[in-house]
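What follows is a set of structures to go through.
Okay, so chain A shows up in both of these, paired with chain B first and chain C after.
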Partner chain A sequence: MKTPTIIPDFVNRRSFIELDARARAQSLFDEGAWKELVGPFDSIESPWLAKQGVAPQSDDGCIVIKGKIGGSPAVAIAFEGAFQGGSVGEVSGAKMTAALDLATRDSEAGKPTAAVLLLETGGVRLQEANLGLAAVAEIISAAFALRQHAPVITIVAGTVGCFGGMSLVAGLSSYTIMTREARLGLNGPEVIEQESGIDEFDSSDRALIWAINGGEQRVGMGLADSLVEDDAGKIAAAVRDCVRQGVPEKHRTEQVELYRARIAALDTSRQIDPAILRQQWASTTRGVR
Partner chain B sequence: MKEQVELRGKTWFKALTGSNTPKNGDPNSVLATTAAIGNESALFLCVVPDKDSRFPCVRDGQVGLEEAFTLATHIRAVIAEDRDIPREAKRSIIAIVDVKSQAYGRREETAGIFFAAATSADAYTSARMAGHPVISLVAGQAFSGGFLTHGYQANRTLAFDDAGIVIHAMHKEAAARITRRSVAELEKLGHEITPMSYDVRDYAKLGLLFKLLHAEDPQHPTSNEVAEVKNAIAEAIADARKGKLDLSNRWESGAAKETRKGTLAVRAALEAQWFNE
Partner chain C sequence: MEKIEFNYPEAKRLITKRAHVGVVGSGDMEVLLEPNREEGSRVFITTSVNGFGDAWKAVFDRFFSKFDGAVRIYINDAGATPGSVLLRLEQAVEVIEQ
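The block that comes next holds the complex of A and B.
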């Protein structure tokens, strides 16, 4: 007597979050149709960390993979959250800018090349402070330039999340994909508590953090596009969808009037309830993009 | 004297444009006006403190939600109005920068300040890529997300050279705490590690600046000093019009060849491997 065993989905699922940045980036490409550029054997390290007693890494925590996604040319650039918190240093930042610039060059030459940015980052690497901040400005400019020709797709999967200057890059992406385990925001809760006090933000209040920065909220309020399970296959499928859709008719960051009016309508006499805000913003975003 | 430093942006906005009142419909924290520079007119923008702002965490001159969307609105209006005219006739956009940081507030996080900041950075980038000269004048502080939102997308950046100028990713106290150092250690390190320095003359070595400017008392500029700054802005505009639309002038500058070897190495290696299929 054999009874059929029901195996729940999560048993067979391949977790995306459990992969490192390199494996995450690889998992998005068509089978066998990719190669890594300026990898660890090229050994271009941060010139600033060793001088400060911090061990550098031979890829500076940024992985670039070029290949095909759903048959179309694409490049993925991934920050490794496990190296210096995924922080943007001179080299890791320049690698991302350069890859975006090259994708733009190919796109302008008639070979539209999408970019997928895997952002697990706390922001600028403070040991390289001003070159990290400059790199973020350059990434913003390069992402903007590519966005005219091919989609720029951001994935924030977790568990580091995407904070600091790189959150602006997520903001101006053509599409942002998040999981429930991901957080997205400009200032992390600890920073707000430190700068503005515990009454402003209690960084030990996990529920509050997820209610504000969590993937479900960001997608729900229309500031990110799709909420996907922590499943490498589903995330790759979501990326293929975005590549297929191409450049959106209007990018979210071009909708200034809509959002300016929404901010004007906020009651700021007290803190804003994230759930109510989500309801208010979601109902009108539908159909916009 | 802290308050004075935060008013340097406003002082220079007034000195260069003759006005310092916000436009109807704008928050009091954003100054925007059209004024003459050389023999053309330009849009001047500045974020200033507003002690009565309805957002408590921007009252000392931080850049928040209203500031970002207001900047983006003004920039996009100029882009739309000049859409059909040739590059050499497109109006310049001058960002006067004196921002202590982005807003560190729960209201801001909840309503997506990351996205608001992105709309402003996007608007500045759109203007530059459409051919508008975008010039930043760092008249005081230029910190972190505040600078990314307002000013860091400029084709050409000017800054005064005195101790009141700070361009940095994070203020000293917080950076010391996070990197587990004392403020004194951090300052000492700044002299050895150029990108960590809080001194604008070290910042100039990174190749990100067009020019350093000087005023004896930047809080009370003389008419000669104002004229010199206007000349420098006009010079930056002319140089921007001759240059590329992207930010490559930053890493291709003479100073960057010394201080940004890592950037140049990674760009060269990636380009070589990209086309090698």
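The block that comes next holds the complex of A and C.
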């Protein structure tokens, strides 16, 4: 007796989360149509980490790749979550800002160049404090300048997630793609617990954290645009779609009145649970973007 | 943090490719391997874990007992075990010998 073996799709898929930042960025581009800029052999490392007894990385945890996505010019900037929590330092921040500025310059010269940001980061690198904060400010103005000419697409795939200053960058991007495993939020769960106590937010309660910061909830609330499976092929296809759509009519951060009204309409006399928030906000999100 | 250097003057075979593997994440390290313009091989290690010079020496003695290419090897290490170090080195060699 022979029973047919059914291999579910998720066994055969190529996981995106399991790739390192460099392989993630490479997987988005058209076959053979890309090159890395300021790569590891250029050895531009953080000058600050060694002084504090921390081993640096030859690309400072920031990978910049220029090429074509779906035939259109694009640049991908990926943070390596495994190195110092994907944190933004002087060098990695400067690499991201410069890449965004060059994309803006190309776009202004008549060659619209989309940017794809792969954010696995806890935000500013504490060892480089003020320089990291300055870098986040520069990245935000660079992304803001570019999004008027070409789409800025953020991918938060997991498992680090995207928090701190870089969550602001995700917030102002034209499109945000998430997986169910990813998390997105301004303050990380551990920071909230540390500052406000375990009654406020229990950072060991994974179900609670994913119900609030998780990809499914963020997309459900309309704070991110598409929920994609952890599959390199599907994520690359989602990015191609965003590049094709171009600059959205109105960015999320231009909808100030809409979000003010939504917050004002919330009933804060009772604890709001994630499902209710999703119900209330989802219906008004459609077609807004 | 500690910086360690080794020389292996006997490794003289000409190498033309270069390789970069690994991430400086906890328990892991990155290796940059490139052709050396001078004769012999040189190793430069930056590690965040102090006091393991002898272990590094033993790993590289073993590595260069099999590998004879003239290369410069740069390592940034965040506490990789000797076993993972050797695996990362072999992975880098696989890239340049492809």
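In the analysis below, the second predicted complex is superposed on the first by the 281 of 289 C-alpha atoms of A that agree within 3 Å, B and C clash if a C-alpha of one lies under 4 Å from a C-alpha of the other, contacts with A are read in each partner's own complex, and residues count from 1 in each chain.
Note that in this section a residue touches a chain if its C-beta (ideal position, glycine included) is under 8 Å from a C-beta of that chain, and two chains touch if they have at least 3 such contacts.
Every value quoted in this text rests on a predicted model; they were computed, and no experiment measured them.
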item: Chain touching more of chain A, residue-wise (chain B, chain C); value: B
item: Touched partner set for A:55, first chain B, second chain C, both or neither; value: second
item: Which of chain B and chain C A:90 touches, first, second, both or neither; value: first
item: Contacts of A:41 with chain B and chain C, given as first, second, both or neither; value: second
item: Touched partner set for A:214, first chain B, second chain C, both or neither; value: neither
item: Which of chain B and chain C A:112 touches, first, second, both or neither; value: neither
item: Touching partner for A:161 - first (chain B), second (chain C), both, neither; value: neither
item: Overlapping contact positions on chain A, where the chain C interface meets the chain B interface; value: 45
item: Chain C-touching residues of chain A, taken from the complex the two chains share; value: 20, 39-41, 43, 45, 50, 53-58, 61, 80, 82-84
item: Sites on chain B touched by chain A in the complex; value: 54-55, 57, 65-66, 69-70, 72-73, 76, 101-102, 104-119, 121-123, 125-126, 128-129, 144-145, 147-149, 152-153, 167-170, 174-175, 177-179, 189, 192-197, 203, 206, 208, 246-247, 250-251, 259-263, 265-267, 269-271, 273-274
item: In the complex, chain C residues that touch chain A; value: 1, 18, 20, 23-26, 28-30, 32, 34, 46-48, 74, 76-78
item: Chain A residues touching chain B - in the complex, by the definition given at the top; value: 37-38, 42, 44-48, 51-52, 64, 66, 90-91, 94-95, 97-99, 101-102, 124, 126-138, 140-142, 144-145, 164-165, 167-172, 184-187, 191-192, 194-196, 200-201, 212-213, 218, 221, 223, 251-254, 256-257, 259-260, 262-264, 266, 268-269, 271-272, 274, 277
